[in-house]
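Report on one structure; see the data block that follows.
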Amino acid sequence: MKRAIPIFVVLAGLLVAIAAANPFFLEPAGFLAFLKRVAPLAILAAGQYFVIVSGEFDLSVGSLVTVEVVVAARLIDGDEAMTWPVLALLVVIGLLVGLVNGLVTTRLRVPSFITTLGAMLILSGAVFLWTGGAPRGALSQGFRVFGREGVWAVAILAVVVVAAVLLMRADFGRTLVAAGDNEKAARLSGVRVDRVRVFAFMLSGLSAAVAGILLGGFAGVSAQVGQSLEFQAITAVVLGGVVLGGGRGHVVAAIAGAFTLEALFTLLNLHGISGALEYAVQGVIIIAAVAVGGLRLPALRLTPSKV
Amino acid sequence: MLRMTGIGKSFLGIRVLRGIDLSANAGEVHAVVGENGAGKSTLMKILAGVHQPDEGTVEIGGTTRSFAHPVEAQRAGVAIIYQEFNLLPERSVADNVFLGREPTRRGLVDRAAMEEATARLLDELDEHGFGPRDLVKDLSVAQQQVVEIVKALSVDARIVVMDEPTAALAEHEVELLYRLIRRLQGRGIAVLYISHRLREVFDLADRVTVLKDGAHVATVPAADVTTAELVKMMVGRELDAYFPPRADASAVGEVRLTLAQAGNAKLDGIDLELRAGEIVGVAGLQGSGRSSLAKAIFGAEPFTRGEMTPVRPASVREGVAAGIGLVTEDRKAEGLALNQPVRDNALLVARAIGHRSRTAVSDLLRRVQLSPPREETEVKYLSGGNQQKVVLAKWLTVAPKVLLFDEPTRGVDVGAKAAIHDLMREIAGAGTAILMISSELPELIGMSDRIVVLRDGRVAGHLPAGATEEAVMALAAADEAAA
Amino acid sequence: MTGRVVALVANPTRAVYAALIATLAIGWALVAFDGGTFTLNDLVGIQQRSAALGIVAIGQTLAILAGSLDLSVAYLISLVSLVAAETMAGQSSNILTAVVVALGVSALVGLVNGVVITKLKVHAFIATLGVALVIRGVLDHLYDGPAGRVPVEFQQLGYSRVGPVPVAAILWAAVAVGVWFLLRRTRFGNRVYAVGGDVEVARLSGVRTDRVVIAAHVLCSLCAGVAGLLLASRLGAGAPTVGTDGGYDLESIAAVVLGGTALAGGRGGVAGTVGGVLLLAVLDSVFNQLEVNSFFKDVVRGVVIVVAVAVYARRTGRRAS
Amino acid sequence: SDLPPTGASAQPSAAPATSAAASEAASAGTGEQSDFFVQADYDAQLAMRTQTAEGPGDKPWEQAIAPQMVDTAKYKKDGPYHLCFSNAAVNNPWRQVGWTTMQEEVALHKEIKEFTALDAEGKDDKQISDIAELQSKGCDALIISPNTTATLTPAVSGACPEVPVIVFDRGVETDCPVTFIKPIGGYAFGADGAEFLIEKVPAGGKILALRILPGVDVLETRWSAAKVAFDKSQLQVIGVEFTDGDAAKTKSIVSDYIARHGKIDGVWMDAGATAVAAIEAFEDAGVPVPAFVGEDQQDFLQKWKDGNLTAVAPTYPTYQWRTPIIAALKILKGEEVPKMWNLPQPKITQENLGTYLQPNMPLLHYALCGCESMPGFPGKWGGK
C-alpha cells in the first residue's frame, strides 16, 4: 500500500484543481456526475488489476465492451421483457470470454498479450459479422437505467470496489499475487496457479460486462463504445502503481488510477486543452508518473510469465 | 595487485558495507568469509563494477579505478564468477563465454575464432562432455558452472573473483576446480574466493578476510587460524555443538511413507521407508537423482511406476494434501514470493490448500527464530538464512506428516545453519518424517539417522547413522570407480 | 507421421513457412473452386501489400528481440509521411532533404523511446504508448488532413517495378536482409539476443544493455520511418491517419510473434518475421479473391495468431518440462 | 452521415473526455474559417439547393442537378457485364446501409453477370492495392468510393486509362473519372441546419456546435457553411466541440455545457449519429430539449416524433449508393451521363417527417436509402 500513496496525493491535487476551476464540481450533483463518468473505467481497472497483478495482460476488454453492448441491443431490440435475461446473458458472455482467455493463456501457454490481442480481433470481428457491420436493435429503458441514473452507477461502483478489496484479502487474492510474483514458488506451494489466473481473466471479463452495461446504458448503442478502453484500463492500473509483470500493487490504487485518469481529462478540458494537445499532455503525464513511481525499483521484464 | 580501502555502500538507506579494506597480491588466493548477508557478494560486485561504492577507493595495479559499468572492470582485468548463474540458456556456450567481448574480423563477429578459443579452454579444464556450439540450456548444472568458469578464464584477467563456485558442484568436480585455481595462482593471478564451506577455505586460501554485518572483522593468514576461531570471528560467538543429538530408537514411530520399486523418467526401482520422528539423509553425486526423488515424492514430477503408500501424489496439490512438504533447493526461484511480506509467504501453503489454522503465524516465526520476526517486511530484504526460515515456516503452518529438505543449508551461513539443524531435529521430534538431501557430507552424516545413497537414479545402498564419508562416497561413485 | 509433423513445427521459422505454403495451396484451391484464378498479378499484389507492414515488422522484431516492444510505430508512420510530403512539397529537388529529415525525426522518436525505457525505467508498453499519445497530440494539433505533396519521381518508390517485382518489395527485402545481417554477424546482433534473453546476465557480462535497447529502438523507429516514406510515395501525400488505419502497431507485433519470435525476447529472428508478414498478406489476398467480409477476416486472423503461438508454445513447453 | 475513417480499435486511448468549457477559440466566437473553405464551391452548392433536378421525380437517385452531360460512346460494349467496386470501408451504419443498397441495386440488373467488390477496411494503402488488383480482373467498369480524397488520387488516375471509372461519395483531385456522383454536398448540409436554428432560435440564443473530428473534408465543409451562417446571425455560438462520433463523449460534453450554461437554445451537429445521445443529455438534466439539428437516422427521427421536438434533419442520402451501378450500366451502353452527377439532397422537416419515418427499421438505419421499393426491403436492411 505504501507504493500507492503518490497516486492518492496526485488524485487529491487534481480534484482540488478541478473544484477550483469549476465550483459546480463540489455540489452533490456535480460530484455525482463525475463518479458516474468514472464508474465504467474504474470497474474495468479493477478487473484489469486482477489480471495484471497475476502477471498477465488483458487487451480484449475494449472489444468485449463493444460486444456486450451490441449483443444487448440486438437481443433486447427494445423489448422490456428481455432486459433481465439479456443482462444475465451479458454476464455469462463476459465470464466465458475471460474463461477462454484464461484457458488459452494457461493451458496452451500463449502469452496473454497475444491471447487477448487475438481475442480482441475475434470478438469485434465476430460481433459485427453477426450484425452485418453496425449495431442493430435497441436497448430497453430498463437496461439503460443502470448507466443513465447516476445513483445506480455509483452504487455498482461501490459494490465493485468492496468486492475487489474483499477478494484481494481472501485466499484467492493472496495466492493470485503470489502467483504473479513467483509462479514457480506458488506452484510448489500447492497454489493452483492456472486456476487463479483463469479466475482473474474471468473477473476481467465480468468487469467488461458490467462496464458495458453502464456504458450502453449511459449513451445508448454505438459501435465505438469500447474503443481503446483496454489501453485506458491498463494505463489506469499502471498509474495506480501496479507493476506490469505482476506481484505488486494494490487494487484500490488501481481504481484510484482510473479516477486520476478521468480527473486529468476533466481538468485538461476545463483549461481548454481539449482535442489535439490533450493526447500529448496525457502521454507525457503517464510516462512521468510511471517513471517517478518506478525509478527506485529495478527495471522489469516485459513479459510477465516466463515459463 | 588489488587494494580496496574504506569501502562503504548502502541500499535504500540501509548500510550494507562500511569501511572495508581488502587487498590481494599476485598469485594469492584470498578467501572472504562471513555469515549470510555479511556483504561478501556486495563487496565483490563493487569490485566488478556492478555496484558503485558510496565511499572508499579501489586500486588495481597501483592506479585508482572507479567502474561505472561491469565492462570497465573487465577491461581493468577483473573477472568474476557470480554466486547466481549468469548464463543465457538459449545461446551457445561460445556465445556465452564471449558475451560482450566477441572477437571481430573486419567489424563482423568471428564465430570460428570464438568457438576455437572456447574449445581450447574446455580442453584445459578436461571438460569433454559438451562443446562450444551446445546450447547452455541443454547442459547440466555442473556443466553450466564449468561454462561460468571458462567465461571468467577467457577474460585476460589479473584478478579472478569466485563467489561460492562450489555450491553447485559435487566433490570430484570441486577437486577439478582446486587444480584450476592452483594453475591460476601459478600464473600470478590473484584469486578472491568466497565460500561457506570452511574446509575449502583451509584447502585453498593463503589469507582469509572475515566480514560481519558489513564490517571488516579481521584478515589473517589461513595457516594461523583454526576452524573454531574462524567460526567465532564470523558469528561472534562459539558454536558449542555442530549438530543436535540424533533421535533415539524409541522416538522413531509409525511408517509415514513407503516406496516400492517406484520410478519415473529419472528414477528407477526405488525402495524407501520414512518413519515419523527420523531424519533420513540422501546422498549422491550431482545428477544422481536426489532432487528428482524429492520432487517425485512431493508430486511435482510424479512417479509413473511402482508403489507409493499411503498415497502416490500425481500433482503438487495432491502431495500437499497428503501432508507432504518440500523445501526446495533454490529458495529464491522456487521457494518464495520475494516481493511479498513474510506473513504472506508464511501463509502461502495454508492459503493455497484452504488450510484453516493460521492464527499462529507470529508464534511460528518465533519458533523458527526469525530475527527480527517482522511480519510485514518483504522477504527480498531478508538474508539467505532468514529467507530459509520463512520457507520452513511456510510448511510448518500446515503441520506436514512428511517434510523433504533439498539442500536446506545451501548458501546459508554457519549461524543460521545451526539454527536450521536444530529446527529440523525439533520438527522430527514432533513426529514428522524428514528426508534430507545435502551435498555437504559432514552435514549429511551429522544430521541423518540413516542414509540412502543414490546413483544414476537408483538406490545404491543404505548406510546407518555415523557412516564415514568414505563409505558414502564409495557407494555414490561405485560405477566410476569400476569403470 | 505425427513425428514428422512435430519435427516440422519444432522450429517456428520452419513452421511459419510450412503454414505459408499450406495457405497458398489451400487459398489457390479455394479461389479456383470459387471460379477465379490466382495469377502472377496476385503474387505481385501480395508483395506490394506486405511491403509497408513488412518493413515495420522487421523493426519491431529488433525491439522485441531486445526484450522490448514498440506501440508508437503507427503514429510515427503517419508523422513521417507528413514530414516527408511537406518537405518535398512536390519538388523533386527536395527528395533527399525530405528523406534525411524524415529519418532524422524517426531516429529521434526511437531515441526517446529507448531513453525513457532504459534511463527512466518505464515499462516498454507504457513508454511507447505514452510516446504514441504525444505524437498523436502533435499530429492532431498540426494537421487536419492529408498534407504536402510527393513529386512523381518519388512516387516511383511506391508504384514502379523492376520486371514483375515492385520496387517496394525490393526495399522491404533490402531492409530484411540488412537487419538479418546485423543480427547474425555483428556484435550488436549478439547483444540484442543477450539483452532480450536476460538483461541482468548481459549487463554483468559487460554488455552496455541500455545502449543496446536504445539502438534497437532507434532502428525500429527508422524502419517505421522507411515505411512512412513508402506510404507517402504510395499516397502521393502525407496523411495523419495512414499509420493507425493500417493498424501497424499491433499488426506488426502480431506478425513478429506469428513468425516465431518470442514476445519475451531473445529468441527468434528476421526470417520468421518475413514469413509471418507474408502469411498475413497471403491470407489477405485469398480473402480478397474470395471477397470475404472484412469482419470474418478479423476473426480468422485472430484465430491464426493465437493458434500459431500456441503451437510454438507446445514445442518449447515440451522441452522445458 | 458518412463518418470519416476512424482508426483500428487499437488506437491508444481516445479518452471519453469531459469538457465544461469551450475551447478558447470557440468561446471567442466560431473561430477562423478553415483551409477547407472554398468560396466558389460554397456558392455553387447553396445555389443548387433551390434548383430543380432533372430526371424521374420518384427516383431521386437517378436525378441530377444542372447536369453537364458527357459522351460515353467509346465505352459502349455488349453485355453481360462485369462490374467492380473498390469500397473504402463498411465500418459505420451509413456505409452499411449504402452497401446493402448497392448490392440490392446490382441484383436488379440481370445484365450484370459478375460484381466484384473489395473492402479496403478504411486503409488508404489497401485501397490503392485493391484498385490495382481490380484492374487485372477484367472489369468492364470500376466504381470507387475513395477512403480519402488526396491520397487516392494517384491510384484513380492510374485506373482511368484502363477502364471506365465512376467515383462517388468522396471525390478525387482529378477529373479523369467518367463521372463523379455525389449529393449536393457538405456546404448545403451545414447551411440547412444552421439556417433552421437561425430561424427558430430568438436573437442572442446560445448555440452549441458538435463536430466529429477535424480534418475530414466532407465534415469541414459542413461546419464552414454553418459558421458563415452563424457569423452573420444574432446567435451566440457558445462552444464548438469534437465528439469523435462517440455517444458517451457527446453526452458528457452536452451535460457539462448544460451544467455550465444552464440554458442552451439550439444544438448544431455536423453528423447525426450521436444526436440522440445529445438529446438525452437534456432529458437527463431535466431541461427541455432545444431546437436540434440531426440527420436522417432512424433513432433521431423516432425521438423527434415521440418527443415532438423542434428539429431538422439535413441529409447525405444513402441512395447515392444506387447511382454508381446505374451510371456504370449507362456508360457501358454508351448513354450520356453527367460529368458531375449532383444528386438532390433533401432535408427532413416537421412537415415531411411522417413520410420518411419508416416503422420497424433498425435504430441506425438511414431513412434516405431510396430502398423502400427494392425487393429485399425491409429484411435486408435489418427491418421487420
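Chains: A, B, C and D, in written order; residue numbering restarts at 1 for each.
The definition used in the following text is that a contact is a pair of C-beta atoms (placed from the backbone, for glycine too) under 8 Å apart; a residue touches a chain by one contact, two chains touch by 3 or more.
Because the structure is predicted, anything quoted here is derived from the model rather than measured.
Shared contact partners of subunit A and subunit D, listed by label: C.
Graph distance from subunit B to subunit C, where chains that touch are one step apart, equals 1.
With every chain reduced to the mean of its CA atoms, the largest distance from subunit D is reached by B.
Of the two chain pairs examined here, C-D and A-B, the one linked by more C-beta pairs in contact is C-D.
The mean-CA centres of subunit B and subunit D are about 73 angstrom from one another, to the nearest whole unit.
Mean C-alpha positions place subunit C and subunit D at a centre distance of 35 Å. Between the CA-based centres of subunit A and subunit B the separation comes to 43 Å, rounded to the whole angstrom. Separating the CA-averaged centres of subunit A and subunit C is a span of 29 Å. Across the assembly, subunit A contributes 120, 124, 133, 231, 235, 275, 278-279, 282 as residues in contact with two or more other chains.
Multi-chain contact residues of subunit B, defined as those touching 2 or more other chains: none present. Each of the following residues of subunit C touches two or more other chains: 129, 132-133, 136, 140, 250, 293. Of all possible chain pairings, those that touch are A-B, A-C, A-D, B-C, C-D. Interface residues of subunit C facing subunit B in the complex, by the touch rule stated above, are 185-187, 189-191, 193-194, 197-198, 200-208, 266-267, 319. On the side of subunit D, the complex with subunit C involves touching residues 5, 7-8, 10-13, 34-36, 89-90, 116-119, 121-126, 128-130, 132-133, 136, 147-154, 158, 214-217, 220. Partner subunit B is touched in their complex by these residues of subunit A: 171, 174-175, 177-178, 181-182, 184-192, 247-248, 296.
Those residues of subunit A that touch subunit D in the shared complex are 21-22, 24, 29-30, 33, 37, 41, 62-63, 66, 73, 120, 124, 132-138, 148, 215, 218-228, 231-232, 235, 261-262, 265-266, 268-272, 274-275, 278-279, 282.
Only residues 39, 41-42, 45, 48-49, 52, 71, 74, 129, 132-133, 136, 140, 143-146, 155, 159, 231, 234-237, 239-242, 244-247, 249-250, 288, 291, 293-294 of subunit C touch subunit D when the two sit together in their complex.
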